[in-house]
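Each structure below is given as structure tokens.
First subunit A sits with subunit B, and in the next complex the same chain sits with subunit C.
Up next, the complex of A and B:
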């Protein structure tokens, strides 16, 4: 990898480690391997959002041409959010695409992602199903996002009603992740979710 | 937050700015890397302690590098290495070396200057730009010119074919050159325009209208006078481009056909011109008659078509 990229990532890595947010357990980075091309990030779900209390893991890949091109970031932890794919974890955020600036750092990227969790943009969605629910039924979106946070990101609060539905379908022998995805995308209607599961 | 910070990120960081207000996270890179008190210290001694916003190296890391402050930004994004910014600009321009590039934070356009051109290079540069601008026009001119000369040649060949080889050459030699240059290319144009008149259709329409009154024709072309059970939908004749190429070829080959028909049918006529005209008229008339007959038969077939019941399957 180009020297400039390694130099910069080393500095940025130190910056994150020393930052206030890391001390407060808001963000975290770890190295994957020892050549600074791949990192593991972690952000805390922001307060007063359905993601509160959750820990979200991120895959960060540093391109050869860094910092002239943005890092490739993806959620490893499953998350229910209009701008993040519920299947792949791909993120729709302008600064990770054409609005990237070389002055941005790992720290600002992680903070931006945390900010994205606090303020979704349903009109520029990555996951159309989630964005639709966000607009049509905000209360159900909140409940669903909270449930996903509880199951995948260790957030404390859960929803007993939704959990019951998940258990019911799991008892029929379906895979738990598939059940959660099916129920979430079918407005927690057990019948249509079962149909979707059977058709797959 | 200083003034420059206010208008910073009006495009690229708009979302972040909105978020930061809502959420009290200062994500913008300019002031994000240091707390406010640290920031003040940085501003105080920024010329002594510069750091590049691309490679993050400071004066201490590289004492020889050339520095530049290309935009309104202050604080940690004020200074950048000349070489680093050049690379960033290259990345943004993507090969288009005249594209404008602005600072992603404060939106100020970078002032990019080139070394002064020497007189020779200036002239070459001017010539290069003129030629590349004139290119499309020249190409269009050559295309039009080629088509024109093709038309002139076709006209001349047609004249020799119709009037006869020797006589044709004589006529053209005696004629005014300007008249030839205008007159010869109009020959193919007139042929094509003439071919576009679909006189058979008018004949056919008239025929269908007055067919009851022309009892004799009914004996020649059976079925024309009969009442039809339905009016078929008509296909538009010029719509598909197959018929456009057909018109072109038919029009351009017409003088040849007229000559051949003239020679076959009117060999007693001595004048080449008269014989060819007679041949042309005979060809058009015979072909028209066949066409009218063919079209009418197709029309009747369409009109008499029937749709059958679906064959019922016996239940097992």
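Up next, the complex of A and C:
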């Protein structure tokens, strides 16, 4: 990897570790391997959002041309958010694409992602189903996002009603992740979700 | 050879032209490609090449020794006197040759073979004219007479050695050792010449101020970190990279290499890369600088200096009037014709209206595009972007014509190009 990229990552790594946000357990970064091309990030779900209390893991890949090109970032932890794919974890965030600036760092990227969790952009969605729900039924979106946080990101608060529906379908022999995805995308309607699961 | 030729004409009968009596100089050296067909004589006995004396041998040293093609024999006394060539070699000025002083044309033509030879490093003493020795002697005396007055003059001149530190002659120096300047600590102040004193003091203060300025510049630069590579610019491993790229419109710090690389990134829109990677304020150009400049006034000075510097460089596209520069007379680079005449400004260029369509044949396509947009009268934001886009495309094509070595130049020109656009819109929007 280009010298400048390695040097930058080393510095940024230190910057994150020493940062106020890390001390407050808001962001975290770890090395994967020893060549600074891949890192594991972690952000805390921001307060007063359905993601509160959750821990979100991120895959960060540093391109050869860093910092002249943005790092490739993806959510490893499953998340229900209009700008993040509920299937792949791909993120739709301008600074990770065409609005990148060479002065941005791992820290600013992680903080931007945290900000994205607090302020979704449903008009520029990554996941159309989630974005639709966000606009049509904000309350259901919140509940769903909270449930995903509880199941996948260790957030404390859950929804007993939704959990019951999940358990019911799981008892029929379906995979839990598939059940959650189906119910979430079908507005927690057990019948249509079952149809979806059976058609797959 | 000339001598030989003259000798031959006298002694030998004419057979096949006069050249046959002249020894072939190539044959004399051992090889003539003409062989038997040569128009010159290949008979060494008749032509007597040995008649040529080796002047080096006569002087005492010939590096060719035995192999020398000229005769190695000491000249006889009579030869020495009659031969002006010999006289030239001696160190004493040649006495006036009575033969030479006679200005008869007959004599001159007859004597052509004995023409004085030109010897590098020695004054050429033509064929007939000799150096007038009489005049030069009093000249030397005159100089000697000046020497005594010179000595007093020297006493009034500052010793150049003492002025830069030390003079090994000390008090015995023929020159004047000045008073010590408080600023520079050197013996440079003339004891009596007050204007010299004040002038030196002034220069010393100026130099001191400059030094101070530099030390302040170093002070404020030494901890500055590039926002892209995040290295302290003055501590970069490669000394040639310890330069700042100052953005015209904001005060974020970058090293020249990084900011130029960012600004030439192809994967982002020009609006993104032309803006500061930290604050996103668009800057039209980057000014290379050895020191960090943040102060508004200093920056203005730096920008002016940069533009002036570019104004002295001839524009590659204008090419002394042979080519076309997309910026016309507004280009920051020099538009001068080979005779030094500068290209005239074209003040009407930005006139509106269709009548101005063909007003200037030298005008480039680029401005025509702008004119077109202009004349429609609807230069809104979308159009502006469109123009920018089209212009960018064309400029890219122009730049692509240049070679890799000129990348940095291209970048500057790219920046200028953007500045041009800005000027344009400022005026028209």
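The definition used in the following text is that the second predicted complex is superposed on the first by the 200 of 200 C-alpha atoms of A that agree within 3 Å, B and C clash if a C-alpha of one lies under 4 Å from a C-alpha of the other, contacts with A are read in each partner's own complex, and residues count from 1 in each chain.
Everything that follows uses one rule, which is that a contact is a pair of C-beta atoms (placed from the backbone, for glycine too) under 8 Å apart; a residue touches a chain by one contact, two chains touch by 3 or more.
None of the values given here were measured: they were computed from a predicted structure.
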item	value
Superposition on subunit A - do subunit B and subunit C clash or fit	clash
Touching partner for A:31 - first (subunit B), second (subunit C), both, neither	neither
Which partner, subunit B or subunit C, touches more subunit A residues	B
Subunit B versus subunit C as contact partner of A:118, first or second or both or neither	first
Contacts of A:107 with subunit B and subunit C, given as first, second, both or neither	first
Partner chain in contact with A:172 - subunit B first, subunit C second, else both or neither	neither
Partner chain(s) touched by A:157 [first = subunit B, second = subunit C, both, neither]	neither
Partner chain in contact with A:8 - subunit B first, subunit C second, else both or neither	both
First, second, both or neither for A:128, with subunit B first and subunit C second	neither
Segment of subunit C that clashes with subunit B, given the candidates 24-32, 204-212, 312-320 or 366-374	312-320
Footprint overlap on subunit A, comparing subunit B with subunit C	4, 7-8, 11-12, 67-69, 99-104
Touching residues (chain side subunit A, partner subunit C) in the complex	4, 7-8, 11-12, 67-69, 98-104
In the complex with subunit A, residue positions of subunit B that touch it	11-13, 15-16, 18-20, 22-23, 25, 27-30, 32-33, 35, 53-57, 76-77, 84, 87-88, 91, 104-105
Subunit A partner contacts - residues on subunit C that touch it in the complex	227-231, 252, 258, 261-262, 265, 267-269, 272, 275-278, 280
Subunit B-touching residues of subunit A, taken from the complex the two chains share	4, 7-8, 11-12, 15, 20, 46, 65, 67-69, 94-95, 99-105, 107-108, 111-112, 114-116, 118-119, 121
